[in-house]
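By written order: A, B, C and D. Residues from 1 in each chain.
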Amino acid sequence: MTRWGMVIDTDRCTGCEACVVACSAENNVPTVGEDDAAMGRAMHWLRIERVVEGEFPDTRVRFVPVLCQHCGAAPCEPVCPVYATYHNDEGLNAMVYSRCVGTRFCANNCPYTVRTFNWRKPAWPEPLDRQLNPDVSVRPAGVMEKCTFCVQRIHDARHEADADERELRDGDVSPACAQSCPTQAIAFGDLADPESRVSRLARSRRAFQLLDDLGTAPGVVYRRGGLDLEETVMGELPLPGAADD
Amino acid sequence: MHVVQEELECTRCHRGAAEQKRAGLPPMFVCVACHRHAIPDHPEVAKLLEAYDAKQPILWRKVNVMPESAMVQFHHGAHARAEVACTECHGDVPTMTVAAPVRQVADMSWCVDCHREREASVDCIACHY
Amino acid sequence: MPLHRRDLFKASGAALGVALLEGCARPEPVYIEQPLERSTVPPGASLWRTTMCGQCEAGCGIKVRTVDGNAKKIEGNREHPTSRGGVCALGHSALQGLYDPDRVTMPLRRTSPRAAGAASGAGAFAPASWEEALRAVGGAIAAARDASPARIAAVTGDDGVAGAIWSRLLLALGAPALVLDEPFDRLVERSAAHRVFGVAVAPSYDLERADMVLGFGAAFLDRWRSPVAYARALAEMRARGGRFVHAEPRLSLTAAAADLWLPVRSGTEGVLARALAGVVLAAGRASEEGAARYQQLFPVTPPDLETAARTCDVALARLETTARALLAAERPVAVAGGAAALSRDGLASVAAGQALNLLFGVVGRPGGVTVEGGVDWLAALAPGAAEPEPLAALRRRLEAREVDVLLVADADPLHRAPAGWRLDELVRGVPLVVAITSALDDTALEADWVLPAQVDLERFVVTGAHPAVATAGGGPVLSVGRAAVDPLGEARHPAEVALALAAGQEQLSTPVSWQGIQEAVVEALGGDTRFVASPRESRRAIDGGARAGFLVAAAPAPSAGDSSMGGEAFREPGGTGDDDASQPAASLRLVPFESIKAGDGRGANRPWLQELPDPLAPVMWASWVELSPRDAATIGVQTGDWVRLRVAGSSADAATLEMGCIVSLSARPGTVAAPLGHGHHDYGRYARGRGANLMGLVHDEQVEGCDAPALLDVRVFVERLARPPRKLAVYGRGLGDSEHLPRGWGAHESAPPARSADTRPAAAAPAGTEGTEGGSR
Amino acid sequence: MTEMAAGTAPAHHDPEASLLEVARPRPLLLVGSAVTGLLVVLLFVLWGYQAKEGLGVAGINRPVFWGIYIVNFVFWIGISHAGTLISAILRVVHAEWRRPLTRCAEAVTVFALMVGGLFPLIHMGRPWLFYWLLPYPNYRGLVPNFRSPLVWDVAAITAYLIGSSLYLLLPMIPDLAMLRDRSSDRGGVRYRLYRLLALGWRGTPLQWAALERGIGILAVAVIPVAVSVHTIVSWDFAMTMTPGWNSTIFGPYFVVGAIYSGIAVLLLAMAILRRGLHLEHVLTDKTFDNLGRLCLAMTLIWGYFTFAEHLTTWYAGDAASDSVHHALMSGRFGNLFWLMIFLNVIVPFALLVTRRGRRPLGAAIAAIGIVIGMWLERLLIVVPSLSKPRLPGLDGSYWPSPVELGIMLGSAGLFVFLYFVFVQVFPIVSIWEVREGREHKAVAAGQRATELARAGGGTV
């Protein structure tokens, strides 16, 4: 059984935010304009958290991309009154837009604050709407949304695999953020497969998880600064991820 | 009509239907290729040829429409691959002169039924995303 | 068909729910258009088009997903040797540049007279046809030719094929050289490289195979040359245990990624480079030839670390740490440019940085510096044409009232030039101004004719003469690609406009006639033996290249520039940029930078980028200033306040700008850092009036010995705005306030000592010796 | 004749007669109803506007996803505890002084519930889909998520609304019968209404017995329901892992707060009715004094809970909760917090501790303070926790938008409007209970007199 997961290397992340824009482009994430943005209604599914250490001139900043952690024990799931968000058997924290009634309870109970809400009807003035991704539904006003691990890409990859009658291979699926990362700080794959790239990266002693003390069992593993053999090897080998798209 | 009298396969013209996510329409070129010779003077066919020569694309009314509010991503090819017969959703098109919706494609219970029978996924995000 | 409706009426729960709201709103009948001819892709299917990103000089390899002829998504081309599948934020946003609702899609003729206060916007124009436009412009050119061809001027930001074609046109008309509107620091880099390496090419760096990188002002992870390629290379270098020390007044993304950040006083990077050179020479680490060459360029004995520490205002401990790491390194490489280039002392500073590589002996070596241009389009397509001139040349010609016809293509000089140059007023004095652009930028607002230009996704694209990353560890790389989508409206390739204009002129001295850009490329490449053995193979090579997205030279790059060509010595960089004593008290040093949001300004019309919170100063939909907590306290502002910047100096009519304020640990005390590329007059609904254009504060400070403005030599007074114009959109909070770390993330406690020991300063700087600059001391 | 049949004392020199004159037009009430009626219109216009435009017209944002809609929801549900918890408990313990105020209280319950129950709908992103929270059978096998406190809310509030409505209507039957029998025109709407609701009451001993039993059962049954309702409301917060919300004492804390604010509103309503309807002879100072004492007790209990809640958070001092706690005590919400303490503890205590303070005026002032204070308490539970997420990157702030404030005002209008209408249609004081009380007294007094006489006779 698959357990989709992600490994993010905070040591490779330079905070260039290419992933943020890639995500918005892939998933039809609307922009809300200055006034709503000033109210904290920007809808990015993926944000770059800064961690600042030390005072000038010893300032050290590290960037931590934070997206839906697709928790194994997700706090957002039990509180939804209509099962609009639930855990599917591939470890995805699913969000069913058409079922959502907009109580926003899930968002309150998300310790990572990664869920965003459609406060208004999203607008893409002609011809901006030509860019909209036909494989992702445009969400109406009043529903929650969040990172889906680019579920549409998972489905597409599976359709392709079915078409040429084979199993999904490691690296077949690459979410928009991972795909565009210049330093390949983001890896995506099946954490249940011990041989997958994410599994190997997640085994590092540099690995940690956000707020893991809350017992949310996140599906996203982070790696903090430092060196180990794994890292060096990863550096030289052409990455398996390079096979996708 | 095509199928009954001429024993034509649906996919002979609707090529996208077999693999693509969206079945799409065959280009007018395909219709014309035959109908130049086959019953070119039939009034409807005449309209077609006329439009084609005038390089006027025809607008077809979609009969099976998935309402946007359902936020469903339907993959036609996947269903074809699962050997869902065309008629199961599109009805007995072969005998129709005007395509009519015979199934409420927008009725989720109908989708779910079929998925259950065929042990296809009933995971919500199999379709809703 | 009523049956149809009734069916849909019994819709699913979701549909029912919506039906409840929309009363008995019946679903609109949906129609689909039947395509006429059989196409390669069925309707609704994705087609991935391999091409090159034209958003900046880097030329990353991309694949554009198109559905039914619409561009949906840009992704990196994993096969591309330099970008290796990476794309930056600006690159992704090209889609919104393509589909900008306010894009110029047809020729526009000015109806209202040109006047000051250029914010007249689209209202000042009326649509016209290409025929009218070409007739009018062609006529004006012809007239000018008869009078004196010297009165025709053309400006472009494209130093590649298009630039060469414009040069060819100017040559044929007998007009002066093309004006190249390129990043100012690039000019400085080239001039320095010309004397240091003997080649007038901005060097490119092979960070991946180095084991230590020294940065001098070049923020190559932000928006300098090729952020994508350099970020990847740096990550790989770091992965192998390489070290990275970066000197820059502001904590840019690049500085943030460094093992050690040296927050030097603006314009003193050169002093630092010189001092480090002294260390290397003293340690006898330099090769004979390298040392000789270096001393030829910098005859004076280098300053010692103490002096450097004092001049740069950085703790000595940090410089010693740097020096130690440098001596421990086997293949160090020095990257100079960016902020270092744009102070009065820029030329010498950058040269000092570049010259370090002579001492390291890494010129033309793996893990070193390459000074090799891309295809020399100018020589190939416009033989005999003069080298393009910098923007300052245009200013001089305008001031001398020597221009009757001004053609501007793919450039926005009025946005990018210092306000002190008064280009807008000067341009208003030109009888005919033509802007070939995809959006109503500041230059277009002053134009008589605005001609719709294709954006890069609609063009046949190929890297310019000065590729950011010339080589992929071997032969040089040429990115090339075909149009991903059909042009919107009547947009045309600017170079094709040049060809059309040429076609309209009688007896040109030399013919300017290609069947489109691709033909020109084929011809030019035919002459470059690095890529094609013989001209005959050129077309096939281009076709293959366009399919793959790039061409790699068969022949490897020559090892180094022409060393024999002796560059004359540089004046000793002394950090003259900041002579504190003479500075008015309480004024702050302006530190302009290119942000990942707007770049040089082209990104401003894209909602994705406008709403992208800058990773260090998370402001959206506006530009901002970064102030150190200390200065913020002195001025009495905090994150979210608005401030007014006033140029320090006696002049009563000193320029002022108003911006939001972010109190940030990223700002060096005594400086006020702010992003460039904001404050367009129009440029579409998403950019109009957003933020302020920093160039408004620059008078005409010059980089010594170079035709570039010294942007970092501006001092400003900062005061709090009592009545802020509107709420500043800040994502979360600014960098200023103390952010507690959630347990077990981010911190370095688990990092092996290998990382911190030899690159973190041995001792913390004694208080007071650091972080003071200028009058605020 | 009919009055005899209705089992009531002869009408001559009847002290409760005035109470029966509900139909008498009172200009003040009519004006009040008109004004509040307009507010009701405002409420629904604004709600419609919001449903059309989306919740963007409200001030809520990310991370403060819940705003004063939820605050008002909790607030009104709290108010609704006035009736049952007061009248039911007092009935069960046979507190005589309850008699004049029971109905007044039960009305508060029902209307507060109606208003409170409206807010979750107003709060929803797609309110027209509210029915998805109900477990209605459907072919697709879609059911509500019974693990979600929101679904528990739906169940609890529905049950409470039904229970308390019955509890309001049942004891009203004899009075309705009286009104029915007194009303002059038999064709009138009022007559029809009274006759319908009186359920053919004739006052037979059997009916009296049944009524008493019914009231007795309801009184006992409704208490646990009431308690459960606000416990479940508190679980909307306590069940989450949000710092400042996940608290074991939230259940009782909310119930106490609910009763507290309920009593306050009751005191206020009584004070107003007493003035407006000249009920001085029924709602006596004694009634206020007793209710005031009860209120004082609640003041102390609420204060104790508040203290306990915040002390433990502060003492444990884990990073996440601490930032919330700090924001409450001295940070952005400090002023509001201490204002709440002032209004909820200092003012009521100072007033209600003295006998004079428990007179109608003092009680009313204290009540106003408590009502505002308790609203602030809900606000300070909902907003601060949300504005301090665990990860440092997002830091929230919140200010209600005009639409939100307008809807809040409208909801208050709706409550008062319903109350005014009620007062004009039904007797706001339970006539038969008051009379019963007086008769009990009279009987008791008579017995004492005869005993005295007998004793005296003995001496003569």
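Here is the rule we go by: a residue touches a chain if its C-beta (ideal position, glycine included) is under 8 Å from a C-beta of that chain, and two chains touch if they have at least 3 such contacts.
This one's a predicted model, so the numbers in the text were calculated from it and none came from an experiment.
*Asks:* Could you name all chains that are in contact with chain A and with chain B at the same time?
*Replies:* Expected: C, D.
*Asks:* Based on which chains touch which, give the shortest step count from chain C to chain D.
*Replies:* The least step count works out to 1.
*Asks:* Give the chain pair that accounts for the most C-beta pairs in contact.
*Replies:* Most contacting pair of chains: A-C.
*Asks:* Determine the centre-to-centre distance between chain A and chain D, using the mean Cα coordinates as centres, and give it in whole Å.
*Replies:* 46
*Asks:* Distance between chain B and chain D based on Cα centroids, please, to the nearest Å.
*Replies:* Going by mean C-alpha positions, chain B sits 60 Å from chain D.
*Asks:* Report the inter-chain centroid distance for chain A and chain C in whole angstrom, where each centroid is the mean of the CA atoms.
*Replies:* 29
*Asks:* Could you say which residues in chain D touch two or more other chains, in rising order?
*Replies:* Touching at least two other chains: 126, 129, 132, 138, 140, 142, 390-394.
*Asks:* Which chain A residues sit where two or more other chains touch them?
*Replies:* 40, 42, 47, 50-51, 83, 98-99, 140, 210-211
*Asks:* Find every residue in chain B that makes contact with two or more other chains and list them.
*Replies:* 21, 69-71, 108-109
*Asks:* Thinking of each chain as a vertex joined to the chains it touches, would you call that graph a line, ring, star, complete, or other?
*Replies:* Here the contact pattern is complete, since every chain touches every other one.
*Asks:* Which positions of chain C touch chain D when the two form their complex?
*Replies:* 12-13, 17-18, 20-21, 731-733, 739-743
*Asks:* Using the touch definition up top, name the residues of chain B that touch chain C in the complex.
*Replies:* Residues of chain B touching chain C: 15-16, 20-22, 24-30, 52, 55, 57-63, 65, 67, 69-71, 100-101, 104, 106-109.
*Asks:* Quick check: in the complex, which residue numbers of chain A touch chain D?
*Replies:* Touch list, chain A to chain D: 36, 39-42, 47, 49-51, 66, 75, 78-83, 99-105, 107-109, 111-113, 116-121, 140-144, 210-211, 214.
*Asks:* Considering the complex alone, what residue numbers of chain A touch chain B?
*Replies:* 83, 86, 88-89, 92, 94-99, 135-140, 148, 151-152, 155, 159, 162-163
*Asks:* Can you tell me which positions in chain D touch chain A when the two form their complex?
*Replies:* 53-56, 59, 61-66, 120, 123-127, 129-130, 132-133, 142-145, 147-151, 154, 236, 239-242, 386, 389-394, 396-397
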